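There are structures below to look over.
Both complexes shown next keep chain A, but they swap its partner, so chain B is in the first and chain C is in the second.
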Partner chain A sequence: MYENTKLIELKNISKSFGDTQVLKNVDIYIRRKEFVTLLGPSGCGKTTMLRIIGGFEFPDEGEVLFDGKDIQSLPPYRRRVNTVFQKYALFTHLNVYDNIAFGLKLKKPEELLPNEKKITRRKIKAEIDRRVKRMLKLVKMEAYEKRSVDALSGGQQQRIAIARALVNEPEVLLLDEPLGALDLKLRKEMQVELKSMQQQLGITFIYVTHDQEEALTMSDTIVVMNGGKIQQIGDGKSIYDEPKNAFVANFIGDSNILSGVMLKDFEVECAGHRFECVDEGFAENESVDVVVRPEDVMVVGSDVGMLVGEVESVFFKGVHYEMKVNTGDFTWKVHSTTMHPAGSRVGLSIVPSNIHIMRRMEAEG
Partner chain B sequence: MKRLFKYLKGTYLGLLLLLLYSPIAVMIVLSFNQSKSRANFSWGGLKWYYELFYESPEIIEALKLTLTVAILATIISIVLGTLGAIGIHACKKGYATMLMNLSYLPMTMPDIVTGVSLMLMFVFVNTYVYFPRGFVTMLIAHITFDTPYVLFSVMPKLKQMNPNAYEAALDLGCRPMKAIVKVILPEISPGIVTGGLLAFTMSLDDFVISFFTSESNNLSMLVYAAAKRGVEPTIYALSTLIFIAILILLIIINKRSDLESIS
Partner chain C sequence: MKRSYFSGPYALWMVLFTICPMIFVLYYAFTNGDGGFSVQSILECLEPTTIRVFLRSVKLAFICTVICLILGYPAAQILASKDFSKYKLLFVLFILPMWMNFLLRTYATMSLLERRGIINTILERFGFEPLTLIGTEGAVVFGMVYNYLPFMILPIHTALKKMDTRVIEAAQDLGANPLRVFTRVIFPLSIPGVISGITMVFMPAVTTFAISRLLGSGNFMLLGDMIETQFLEMHDWSFGSALSMFMMVIIVLSIGLLNRIDPSKGERSGNW
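Now for the complex of A and B:
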């Protein structure tokens, strides 16, 4: 996995376009060989953050460090970083092969052939050809090398864009929603491919997506953003299991989010019921957000449940049924492997460790 | 009723085309006449064309001037127009719109206004430094009215280009100048060629602006001067050749824009 050294550091970065502040005091670091995902809704500033790292945008405030050195004055062509742009940005005057070879042709010969004593034009050409062919194979586009990029589908263009950046073997690869145009099946395949490429080549990936599932499956670290602010940084499991606030809880997976009152340590009241929980350290009667994952709500007989309610709707989702259960004070999202028809009365039960208490979002402002 | 309409439509179109092209047709026919008379026609072959090229030195002089000016003005306005377009494209939106409108204005201005104002400028400059009206002034004038054509042909290509293409080039290791040469220019080259052809056409057949800004004759000016003396059939031959040259250029330009709208 990744080494424990900070490769890139963003320190207190703020950025505005005109009157709108797009990034607010962003502070993160990225370790060597880490797979970091920036996750957040559209317009939250993900692309802007990548562009700052790539050198295409300058922060109004703050520092960008690479290997401990400030790189803000370095132009993009001097940064050891390559980008896969959100809209691919392929060169339409070049065919697939030449698009991928573009970066290699700009490299110094001794960079391309570090172990070669006598470098000839032919050897350079052969080396470029070898690397381009390997990339084409990696992205499964071998048959297309002579095609014009205009004649490719969106998904194919995306794969060429990935190949064009990756072929340069950068220290850091910035990927802006690189799989957005692919169908589900190909996307899953490419996720696995990208992840294994990242591990094989030992490249640091900074990956932008607004698909939480993609983030969870691929990343070492997920950075959840909203409205230009970082909401939470952590690995997938900790973000999923211990969301810091209601936004994160809601954005990562489905959630029941209720407002509640912390009666005392280990006891919270919400949805008209007192629940035992595992959280402490809140003020007495402090208002809190309570998060319960739909899969953590157990459906039991109506006589033994903590809560009793009526099933409002049922959808079959492949593995489980997704139900809405109204208990009077709240409508719960519930995932269950057994079917309960709409209109039937069921009991609901939640074990204490599955009840997550969070400080109110407003309080964090 | 329907038939009548169709008939009328056909007639109308026919009349219109006749009106437009009969003068040119007459001119072309007369350029092959045996005698100078405009009243009767007998086939004279390429007689006047022969005379045009071998016995009319001043016409050949004018032709040389016209071509030199057209070629140089085209090249220079391609450089200026393309760089200008890239610059305007990189500007903020409001500023870019203003610059575009400023560039558009000279195109809509009557030639006579452009011609007179350029003449005034050259005369004014000439009162301070020796700056006679001739080849150089004509060239400057042609560059002035050619450049917007290039600008407006290149601009749409820049707009069509992926907004990140230039950045992608930088990302892959190009310095800014190299990124322009290796990525932007190839991506907009169809626009540059179209603009260049338009500019060349404009230069070839310009009369008014050249008339005011130069004392050496280009082809149109020569024809004008000759017409005052009484038109020789060599002029018909010359005009026929100009017509054919312009026609070919326009067909090429149209073909190109057809091709582009398909792709």
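Now for the complex of A and C:
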């Protein structure tokens, strides 16, 4: 678990490329040993944020603090962070062993052997060898040290890229969609492995992805981004259960998003029905977004439902059926474990605590 | 239709213009004037005068290649850099000399370096003594570098341009300062391009003729000039052919040597 000290702080960061502003006044801090995921659709600014931390981009405005010190003037090679690049960026002119040893060979001898009085070439070589071998073991690639990196599969290249970064014992590991090029099964395996590596080594991971499931699986904290702005920060459960706005609700899992009117505290009207809900503090008759998860819409008999509608389509999804139910004013996405054939009439019910009321997003959102 | 049919014209071309001439060269090299078998011409190739011309050719070609590499690599880097790709015209300017006939270029160089050439005229205008530029080894090397520099720049430029910028970022990320990024990543990855460049400069340089005659004022006969003389002036086709063969062997050997250095074994980015 992470410690409660701020390791990296981004303060009021803005960044534009030409006319497009990719980051708008971003404020965020990352704690020591935390697994943070920057989650959002492509073009939301998540990779730019990672590159600012890595030192490959400079913000137009704002401060980047590392351990309380401004690091904006530090070039990438002086920062105590390492990156696992999208598509790995391995050195094709070096074999697996030399790829991993690359960072170590650049270190000063006294950094490599802090407790050694008399440093010799042989001792340096032995130390590098020890560390590289340890990494190869960690990523389960011991048998491959003399291979050319071109001869490796995607998953193996991925492991080498991770080992090459981790061998330098960075305080922070930045990962830019590292599993994007792998097939689903391998991706799931690597997610588990990455998470256990992070816990085992006790370093901070900042992970960029557009895959919400990946984010939920691995992260301590998820930062949902859209349009260069942070939409919500929180752990997976709170973001899933209490999305702050319709974008987050839609991006993390499936959602029914309706426009509604808050009649008074604890009562909202949408889809032609007045629902009881648990939200308060809105203005009377304020227009709001109403979000309901598909699994929270219960299918009941057509005589007892709050709403009555016709099933438009049914798809089997493995664990559940995904149905579209048209109630006249709105077509609901419904997940249910019981099948109702297309064309049949069903009733729908929603319990008050599963109705999430959100303030309207700004037009740009 | 079988795909191999398409290679028919190419095969015919090869037989007519590559294999047949090689056989003729071989035939002439091993016969005397009457058409009888003789190794006389081959032995002549090993005589001190010939060896001296040969060594001079290799020396000048070597100097030319080194200078081209020193000038060409940074130029290729500048041309391949991101900020530069907008300025296509400048790239064309670098390559433009290649589009002009090389004799024309060499005559232009002559008028630049002559006793009463452009450089000396300017020097005299400012009250300096005129320099002896033409007829020196330096002038020959200058002419060669001027002619062959684009052949060094192009393959290196291609190799650098194809390089993934993320690999460079990865090196920085792992602690490499700009110098280390160059020595450990950029240069090693561009070696196939460098080797193509060296080959493309060294080969024509070692067989150069005309440049040495025009800019060296005939003081520095090179292998290429010697072959030309044998055929056109001495009408000794046998010795000329023997010299050509001799040169071909040298080139094949030096390419073989270069390819041995190439770590990627010519798999990537090289033009050869």
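In this section, the second predicted complex is superposed on the first by the 356 of 365 C-alpha atoms of A that agree within 3 Å, B and C clash if a C-alpha of one lies under 4 Å from a C-alpha of the other, contacts with A are read in each partner's own complex, and residues count from 1 in each chain.
Please note the rule applied: a contact is a pair of C-beta atoms (placed from the backbone, for glycine too) under 8 Å apart; a residue touches a chain by one contact, two chains touch by 3 or more.
For clarity, every value in this text was computed on a predicted model and none was experimentally measured.
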Query raised in the report: Put the two structures on top of each other at chain A: do chain B and chain C fit, or clash?
Result: clash
Requested in this report: Please indicate which partner A:P294 is in contact with in the superposed arrangement: first for chain B, second for chain C, both, or neither.
Outcome: neither
Report task. Check the residue A:G103 against both partner chains and state whether it touches chain B (first), chain C (second), both, or neither. Result -> both
Query raised in the report: Between chain B (first) and chain C (second), which, if any, makes contact with A:P59: first, second, both or neither?
Result: neither
Report task. Go through the superposed model and pick first if A:F85 touches only chain B, second if only chain C, both, or neither. Result -> both
Query raised in the report: First (chain B), second (chain C), both or neither: which does A:G260 touch?
Result: neither
Requested in this report: Would you sort A:G45 into first (chain B), second (chain C), both or neither based on which partner it touches?
Outcome: neither
Report task. Could you say whether A:P243 touches chain B, chain C, both of them, or neither, answering first, second, both or neither? Result -> neither
Query raised in the report: Which partner does A:G228 contact after superposing on A: first (chain B), second (chain C), both, neither?
Result: neither
Report summary line: Going through chain A, the residues touched by chain B and also by chain C turn out to be 54-56, 75-77, 81-83, 85-87, 89-93, 102-103, 106-107, 164-165, 168
Report summary line: Within the complex, chain C is touched by chain A residues 54-56, 75-77, 81-83, 85-87, 89-93, 102-103, 106-107, 164-165, 168
Query raised in the report: Okay, in this complex, where on chain B does chain A touch?
Result: 162-165, 167-176, 178, 183, 186-187, 189, 263
Query raised in the report: Across the complex, what residues on chain A touch chain B?
Result: 54-56, 75-77, 81-83, 85-94, 102-103, 106-107, 150, 164-165, 168
Query raised in the report: What does chain C use to touch chain A in their complex?
Result: 164, 166-167, 169-177, 180, 184-185, 188-189, 191, 263-264, 268
